[in-house]
Structures are given as structure tokens and as C-alpha cells.
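Look at the two complexes coming up: chain A is in both, with chain B in one and chain C in the other.
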Partner chain A sequence: MVEIGDKLLGYATNPDVRNRGASGGLVTAVLAAALEKGMVEGVVVLKRIDEYEAIPVITDDVQEVLASGGSMHAVPVNLAKYAVGRKIAMPGKPCDVRGVIEQAKRNGVELEDTYIVGLNCGGAMHPVVTREMLIRMYEIDPEDVVGEEIEKGKLIFKTKDGEEKAISIDELEEAGYGRRENCRYCTIKIPTNADLACGNWGVIGELAGSATFCEVMNEKGKRLLDNAIEAGFIEVQPADEKSIAIREKVNKTMLKLGDEWKGRLLTEIPDQERLAYYIEQFADCIDCGACREVCPVCTCGEDSKCTMFHSLADNYKMSMYHMVRLLHLSDSCIGCGQCSDICPVDIPVTTIFRRFADPAQKKRDYSPGMDLQRPPFLELMLK
Partner chain B sequence: MKETIYQTVCPGCGIGCGLYIRENGNGSVSIDFLKSSPVNLGKLCRFGMKLPHYYSDPSSGKVEGLVSGAEEAVKAAASRLKNAGKIAMLSAGNTTCEEHIAFTRIAETLGTVVHTGIPVYPELPSECHPHLEGMPLAEIENAEKIVLFIDPYVQYPLLVRRLLIARRNGAHIISAGTKELHLAHENRDLSPEQYAGLELDSNSVIIADVHPHTDSCHTKQLLNLALETGARIHFMKPFINSEGANRLARDKTGMMGISHIMDEIEKGDIKTLFLLDSDPIELMPDSDRTANALSKLDNLIVISSRDSPVTEIANVVIATESLYRKRGTFINAEGKLRENSGQEVTGIDAMSLLSRELGSEGFEYRQLHGHLHEKMIETLANENRKPEYGIMECAPVQHNGACTLKYLFNPFMWANQPDDNDFVLLNMNMVRSLKLRKGGMVRLDSEKGSMKMRYRVERVPDGMILTARKLQVATGTNTTVKVEGC
Partner chain C sequence: MAETEWEPKIVAFCCNWCSYGGADTAGMGRFQQPSSLRIIRVMCSGRIDPMHVFNAFLEGADAVLVTGCHLGDCHYVNGNYKAQVRYQFLEEMVRELGLEPERLQLNWISASEGEKFANFIRDVTAQIKQLGPSPLKPEGVN
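Presenting the complex of A and B:
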């Protein structure tokens, strides 16, 4: 039996799962055990197409869960919307978890039915940009890549002939590659808002690469882990002080870097320039609505406020769609980057929304998607 | 919780954006983003975002208005085709290369050709045809000067990001269209005599499009401009496989534009029309007139993956699976071969059976795909070809009248998609002279009738009224109208 607050090192008991998983397959095994023992009806997994492409799939097949796994930094999806209306378990980066919690505040997700195994995240990369980076910076054929890893500030790619090549993330990002813009200034690296917070930070010595550091964050996390241990899917042991200290050190380093990027990208816009800035930023919008559709915290559906006041026939210099969304998301934008990823005209939507939301959230000391205790400051929490 | 996920290509235009279609257990469809697609990085325009609606009307087989199975429909089609006189066959490029090849084989059996409906091919010398093929879209990003004869925002939205990248890379962008474009450095309404003032050279790119209503004289003028300046020219295409359908046509001189086909039907010279995923009622600017003409046919036979106005009035409808489920390939506007993950071949099986019913050999997917590879693969990479055509003469069509109502979107694109373009665009001079109220309506009168529309103010030329939606009063892509405030 584990306890809330426990910090453990663990791995899958199945050797195949342990070897295939990025860090001992603990996360995969915990999710599979939850399905096997009927805690949930399905599990959200990333079905790997290749090194740069995976599609989220909801499955009720334990074998499909066990066959998934492995870190995929070049697959920037947010899984929160896949949880809507379902009794599921899912892995999640901090922004996936934040999306689910924001959904729960708006009754889009029943949090008691949703189990989230959080994964540490230093940032994700766009697959097409990653391919270009491999050719130009690493001089590697993208098709030769069999794995990737982030370690000590370097992004490492492994090729099928067994070679490894590492370049510092700073160097990559100065060249316009590396992590997506929003990931650079993200301030949540360890998903303490999930039921379990897992990752490879702090896994050292002979367990390095074959075990996961796991912190039990709440009662649901305890249930998940106890279930997996009882089912014989995983083995765990307490993490020692050194492991815990290293994990914290990595986190602090990542957060410091995030703060630096935040200072560079989310600069304050003088009052007299603010309207002109937003008008210009959205001037190329083609009205596809994709940013709303993909937003993991949006629960409005068809009859949303942002579309209700908007008409293509309007002659406003900036559409009501954008104005309403800027306001509406000021208390809920989690900076996940999905809107920037899918904007067909490359508007840096996330950064624009974060620039608008950041001062408002800071003023109220409010961080969306971290817990259910505080309601969104623009509206009541539905309960 | 069972889901089936298809990797497919958006049918909205010829760019060929990659995406996923999710089908859940109850048959409902949703989209997901294929971020590793090099064509679009997972990005979709407003058409792509509404694909679940596009796919909401899968086709059902019919014979004389009664629901029928595939075999019965094929036999009924064969019976009609065997006894038909002059047959016109149309496949505009809304389906896979393999289905288009199968359709072409049936045309050979029937002693006719497959028309793609784009008039510039038969109307331009054959040595121009290779220059109508698209160029790699990534090369647009490196141009020094770009002249746009299209409105990318509304016609080919995924081109906008390429142009914005080009602009960031230092390209000077000129819009030579009727509407002011935010991404352009200059917006110039130019007559052909003024093209020399564009000062293009071999580092310039001209971007235009060819579609079922392209004025071939305009295309000749643009090809002349490319020839005289050394600029590269890129033609966008309107349908998912327009590029493939036109590259697959061996002899384009026998082909007809869709307006020509409709003229022949109206005159009674064509009595049988055989369509592959192409609906003239959607393709022609005047839907009523087109439907009326089609009703005069002896035989209207349709192979279709979705219900549309023409399947309502056809004598025979051979139903096939939705496009995203099909096994097959498409060639996008830049010449890239794109492939569906779907494995269904209902359409090919039906055409194979039809071929046998007509006394010829059947075929299967593998043969058709093999034919594509033999004939096409070596030509897929469009090189910067040296022009082999000479300067062409042409006399542009004059549009007379006080005001011209002009289609802003290509009227044939994006059929059956919900949109809220329930307004026309006109300029501030017209608003003032007509004393239009803010938020009010404008009345449009043509020889076909009268209607009221909301309006939006844009910087368009005086006398020009643009519409993004097919309007009852329109008789063509350009319609002379009288405009009044109301």
C-alpha cells in the first residue's frame, strides 16, 4: 500500500513493457492495470504512427495499452478533450492535466471518473520543424531516428545504427528549432496537479533509463498505484534523498529557463499600442474557428459566446470573435500551444492570449488548471 | 468506445491538406489534426474544420429514384450506356487517381474521353499544358516578388501562411485582384496592358488558378507575362485531385470545359451524361439553369460518394464509399502524391463490373495503381521548365453594365458546406451614392430576378459587387446587375 505524498521509483513487471517504455514502462503498466481491473472503461493512448506522428486513441483493449508507450517529444497534442464525457484513465503532460481540470470546473469532465497519470514535461516540438532540424542541425536523416531523449539541457537523437547525437536546447532554440514557443515559457514542468506525477528526473544509478520516479499526489493516485501493484503490473521502491534532490534541481533549472523565456516573449505592451497590436496580430485570420475547436479548456460547444457576437458581415477592425475569446480565456488559458499549432495562417495565438491573460492571472495570483479549489475568476464554478 | 481512424486528405481544394477522420461506433465523424503532414502541418481552413458536415450525406444507390444495390445500379447504367448516342463523361478531380483511371478505361470502351471540365486545357496549345502544373509550395517562400491573381484568404487559405513566410523572408507581394489583401505590400487593380509595370524577373512567382470557369484569355495573358519576364508561374487547382485528373488525361485537345458541355446539353447535342463525383449543379454558377438543362438528358448516370443535387435527379446513382474511406491516391496542386489510409474499393469494383457489362475487361485496384505509377511518378516532380510556347494573342471578354456582380469564391468550391457569407462586398463610394444604411440591405436586380442582401464595406473597385455565396440573381461568374439601396 502506498500513501499520498510518497515518492517512489518503479517499473513494469512485464519485461517487454519495461524495455519498450521510455523509463521502465511504469506509466503504461499503471494505465493498463486500471483498465484490466475495471477502474475505468477506457484508456487514452498515443498510437504511434512513426517517430513524429501519433494519434490519440481511446481503447478498452489492455493489450493495446501495453503496446503503447515511449516518449514522443515531437507529437504535440493535448489530450484533455478526449476525456470529455468518458470514464477513462490517461497519461498527461502538465498542460493536459490543466486542460482536464479546467474542463472539470465547467462540468465538461467528471474528475472523480478521470484518472490522470502526469508526465514531467520540459516541452514538446512540432514534428515538421523537428524533421527540418534533424536535417539542418543534426545532419541526420529523420527516417533513421529510433529514439530521442532530453538530458542535461541537451536534446539527444538515437539512430538505427546505434549512434547518438546531442545538441544543447539553447543552441537549437536560438536557431529557431527545438521546443514550441509556448513550451519555452511554460511554468509547470512536474504535473503536481495530476493524480500521479511521473518522470525520469531523479532516476539515477543502475535504474537510470529503466525506472520512473513517481509521486503520489492524491487519493486517486494512491488507488491507481495500489491497483497496479496488487494486479502485479508494477513494482515500486521508495526514492532516496539523492533522487528526490536531483528531481527538484532539474525542475528548478527548467522553471528558471521558463521564466527567462517568459520575460523575453510576454513583454508588456504599452497601453496606447495595445489595440493596434491585437488588430495587427489577427489581421490575417481566415475565420476557420480551429483555435476554438482545439482549445482544451473551451466547453462552450456550438453556441459559444465568441461566435454569438461575431458575423463575417461586420466591419469592425478586429472581429468580435477574437475580442470575446481574449476576454473569455483570460481566466482559463493554460498556454498549451494547440491554437498556435493549428492556426492555418501561423498567428502565434497562444502567445497573444498569454500576453493578454498573464497580467490578469498574475494580479489575482490565479493559475488555471492547477486545482478545483478556486473557481475561474470571471465566472462561477458549476457544481 | 471503438473508433476507426483514417488518415486522409482534405477535399476542399487542390492543396491536399492531411488530416485524420475519426469514425466512432455510431458512424458519426469528427476531424483530428495530422501535424506531421508537410503540406499543412496539421492546419486546416474553415472548409476542413467543417468536414464532418461535408461527410454527413454519404451516397445511396438509386435506379429511377428507387434505392438499389450496387449490382443493380451498375446493370441499369450499362443498359443505358449501351443504347446511348453521344456520351459526355465528366470527372473534375473529386476522387482518387485510381477511380479516375478506371473511369477513363470505361470511356475508352465507350469510345469517348473523360472531361475534367476545365476549359483552358482544350483552349490552350498543348505545349502550354506542362506550365499549368503546380510548383512546390515551399518554393513560394523563397521568391523575391510574388504577384497574386487569386484571393488566397478565401480561395486557397493554406496558401496564406506560405505567402506570409515569403513576406518575412523579404518577398515583395503584389495583389492584382479585385479585393485588397492584408498580406500584400501593394494592391493594384491592373489591366493586362499594365502587367509590364510589375517588373518581374526570374526570381518572381506569379500565382493564379485554373478552374471550370477560368477565362482562357486571362490564362494566356499570364503565360505571356511569365514568358516575357522569366517569372515562374504557379496555378492552383480547385479540387482534391484536379492536378491528378488533368495530368492523367493523355489527350487534352478532345476535352471540353463544363460550360461547353452544358451548352451542348442545352442544344440537345449531348443526350447522355456520365459523371464521376462531379455535380454540374454545384459546379455551374447558375444552379437553376443547370438543373433545368440536365432534366433534358435521356440518360444521367452518376457515380458518387456523397448525395448532392445531381444525385437527386439522376436516372442511375452508383454509390461508393466516402472519400476518406477509399483506398487510393491524389496528386495535389504542387505535384505531391498523397495517399489515403482507407482500404475500401467499392467504387473501383463497381466500375470494373460496369466495364465487364459493357463487354470489356474488368480491373482491380492494383492494376490501376500500377498504371498510375508507370505513367505518372516520373512526372510528379515539377521542374522549373523552360517555356516552349510562344506569345499568344487573345481578346478578353468585356463585361458591360453599370455594376458587375462577381463571385468572390470560385462558385463551385466548397459546395454543401454551411457558411455565413450571407452578404455582398462593395466599396464606400457605392454605399454613399446609394445612401445605404449601416447594417441595412442592398437590392440586386438582374435579368433573372431581384433579391436583397446584407453588405460589408471593402476596398473593391467602383461598380464591383462581390459575393462569396451563389446567388439566385447570378447568371454566370460575372453578372450585370442594377443596384439600389433599400
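Presenting the complex of A and C:
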């Protein structure tokens, strides 16, 4: 039996799952066990299409869950909208988890029967940018790639001829490739808001690469883990102090680098030039509405203020759609970066939204999607 | 035709019970005010959606004023508290957008404060005259 707050090292008992998973296959095994024992009706897994593409699907087949192990760095999807009122378990990056929790807080989804296994995340890459990077920086054909790995600050691609090529991530990002912009200055790397916070940071010595560091965050996480241990899917052992310290250290280093990036990407714009800057950025907008569609924290639904009262025919200097969204998201934006990813005319939407959200959230010491108990700001103020 | 001085357009959202009454009192008390003001009466300041403010700016207002009852005096118990919370977000957003702080103002005015209302409008008009037309004003609107 595990307790809430326990920090453990664990791995899947099935050797095949353990090898295929990025670090011991613990998460895959926990999800499979929850499905096997009927705790949930389905599990959200990424169905791999190729190295750069995968679609999230909800499956009730244990074998499919077990086969889904392994991490993909080039597939940024946000899973928040899959959690709607279903009895499911889902893995998620910190921003996925934040999206789900912020939705739950605003009565968008019901989390009673949803189990969330959080995964440490240092950042994801955009598929299109990754392909371009492979051609320009690595000089390999994107179609020849069979695997990727991150080791000691280097991004390694393996080709089908068995060759490997490594370039440091710093170098890639200097050249404008690598992680997405919002990932570089992301502030949550360990998903302490999920039921279980898992990752390979802090796994050292002989277990390195074949075990997962797992922290039990709440009652639901405890149930998940207990169930998997009872079913014999995983084995766990307490993490020693050295592991815990290393995990903390990795997190701190990442956050510090993130702060530096934030300084570089969110440069101060002088007051008089701001309006012109925003008008210029949004001038390209073709009004497709995709940024709202993918937004994991948007809760208005179909007939929302941003779309109902907006028309391109108004010919305003700035679109009402963006003004309403800038305001709505100033307290709830989690900086997941999906709006920038999806934008067909490459407006740096996330960066613009962060310019508005950062000061507002900092001022109120409110971190959206981190704490299910803390109500949204307006509600809080009126108590 | 003689060159006339540019007169700003100021939109004021007034709540039915206090600040609209205040505007009335200002008129009855014969307090001089500039003709730059356009009042939009709402039942409560809590009704004022940030979107109304955006729309005013986008349609060519040079300044938007949000007014209501003094805190604690709301006819609907806590409508002006709601307005205040909303205003804080709105204010931060409009500042970040790069509009001058004078272009969006909040004031609590009761029905008996006619003079305060008139003074407020006069001050705002003077400030906006200094700033000139709003950068969000559509072309062709003066």
C-alpha cells in the first residue's frame, strides 16, 4: 500500500512493456491495470501514425494500451477535451493536466471518475518545425527517421540505416528550431497537479532508463497505484534521498532556463508602440477560429461572446474576437501553445496571450490549473 | 466655416440608480459640462460587460467611463463589486494593449453628487483633449 505524498521508483513487471516505455513503462502499466481491473472504462492513448504524427484515441483494449508505450517529443496535443464526463484514465503533460483542471473548475468537465497520470515535460516540438529542422540542421530525410531521444541536452535522431546524429538543443533553439516557444518559458515541468506525477528525472544508477520516478499526489493517485501493484502490473520501491534531490535539481535548472527564455521572448514593448504591434500581429488573422477551438481552457462553448459579437465586416482596427479572448484568457491562459501551433497564418498567438496573462496572474498569485480547490478569480472575489 | 476645436467623444456607462441620477442632478443644478459626453444607461454597473467597453472604443469613442453606485450602496446588493472585479481585468488588459490610462476610467458617483459628476466629465474631457483622438478610432469617424 502506498501513501499520499510517497515518492517511489517503479517499473512495469512485463519486460516487453518495460523495454518499450521511455523509462520503465510504469505509466503504461498503471493505465493498463486500471483498465484491466475495471477502475475505468477507457484510457486515452496516442495512436502513432509516424514519427511526427499521432492521434489521441480512447481505447478499452488493454493490449492497445500496453502497446502505446514510449514517448514522442514531436506531437503536441492537448488532451483536456477528452476528459468530458467519462470514466477514463489519461496520461498528460503538465499543460494537459492544467487544461483539464481549469476546465473542471469552470464546470466544463467532471473529474469525479477521471484519473490523470501526469508526466514530466521539458517541452515538445512542432511536427512541421521538426521536419524542417531534420532537413536543414541534421541533413537527414525526415522519412528515414525511426527514433528520437533526448540525452544530456542533446537531441538524437536515429535513421533506419542505424546511424545516429546528435545536436545540442541550445544550438537548435538558437537557430529557431527545437522546442516550441511557449515550452521554452513554461513554468510547470513536474505535474504536481495530477493524481500521479511521473517522470524519469531522479532515476539514477542501475535503474536509469528502466524505471520511473513517481510521486503520489492525492487519493486518486493512491488508488491507481495500489490497483496496479495488486494486479501485479508494476513493482515499486521507495526513492532514496539522492533521487529526490536530483529530481528537484533538474526541475530547478529547467525553470531557471525557462526564466531566461521568457526574458528573451517576451521582451518589453514601449507603451506607445504596443497598440501598433498588436494591430499589426492580428492584421493577418483570417478569422478561422481555430485558436478558440483548440484552447483547452475555453469554456464558453458554441455561442460565445468572442464569436457572436464579432464580424470581419465591422472593419474595426482590432478584431473584437481577439479583444474578448485576450480578456477572457488573462486569468486562465496556461500557455500550452496550441493556438500558435494551429494558427494557419503563423500569428504568435501564445506569446501575445502570455503578455496579457503573465502580469495578471502574477499580480493575483494565481496559477491556473494547478489547484482544483481554488475557485476562479471572480468567484473568489465575491466571497 | 470657421475651424472649430476638436471635441472628443466620451462614452459613459451610468447605472440607473446612482450615477445616472448624478448626471440628472448635475443638469438640474445647472453645473456646466462639456458636450463631449454620451451617456448609456444600464440598470446596474454589474451589467457592463467588458465587451461593451471594447465596442465603444472600436466604434470610435475617445474615452470610456464606467460609473456606478458607491461600494456598498448597490441597488442589487453587490453589482458594483462585480463591476469592480471585471474592471480590474479590463483595465489591465487595456493598459497592456497600449491605450493611455486616461481613456478608461472608473468612478463611483451617487445620485446626489451632481457636482462631482460634472467635474469628473470636465476633467476627463480636458485630459482627452490633451491626448488627442483614440488610436482605435476607425477611419472616417471624427
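Convention: the second predicted complex is superposed on the first by the 368 of 383 C-alpha atoms of A that agree within 3 Å, B and C clash if a C-alpha of one lies under 4 Å from a C-alpha of the other, contacts with A are read in each partner's own complex, and residues count from 1 in each chain.
Please note the rule applied: contacts are C-beta pairs under 8 Å (C-beta built on N, C-alpha and C of every residue); 3 or more make two chains touch, one makes a residue touch a chain.
Bear in mind the structure is a predicted one, so any value in this text is a computation, not a measurement.
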Task: Residue contacts with chain A in the superposition, chain B compared against chain C - done: B
Open item on the list: Just to be sure I read the superposition right, which of the two partners does A:323 touch: chain B = first, chain C = second, or both, or neither?
Closed with: second
- [ ] Could you tell me if A:314 is touching chain B, chain C, both of them or neither one (first, second, both, neither)?
- [x] both
Open item on the list: Just checking: does A:274 make contact with chain B only, chain C only, both, or neither of them? Give me first, second, both or neither.
Closed with: second
- [ ] Give one of first, second, both or neither to describe whether A:140 is in contact with chain B, with chain C, with both, or with none.
- [x] neither
Task: Touching partner for A:345 - first (chain B), second (chain C), both, neither - done: first
Task: Partner chain in contact with A:290 - chain B first, chain C second, else both or neither - done: first
Open item on the list: Per the definitions at the top, what is the overlap between the chain A residues touching chain B and those touching chain C?
Closed with: 314-315
Open item on the list: Please output the residues of chain A touching chain B within their complex, sorted ascending.
Closed with: 41-42, 47, 49-50, 52-53, 55-60, 75-77, 86, 126-128, 131, 283-284, 286-290, 293-294, 311-315, 341-346
Task: Contacting residues of chain A [partner chain C, same complex] - done: 269, 271-278, 305, 309, 314-318, 320, 323-324, 326-327, 330-331, 355-356, 359-360, 363, 377-378, 381-382
Open item on the list: Going by the contact rule set out above, which residues of chain C touch chain A in the complex?
Closed with: 49-51, 54-55, 58-59, 78, 81-82, 85-86, 89-90, 92-93, 96-99, 135-138
Task: chain A partner contacts - residues on chain B that touch it in the complex - done: 1, 3, 5, 7, 20, 32-38, 40-46, 48-49, 153-154, 157-158, 160-161, 164-165, 182-183, 420-423, 454-457
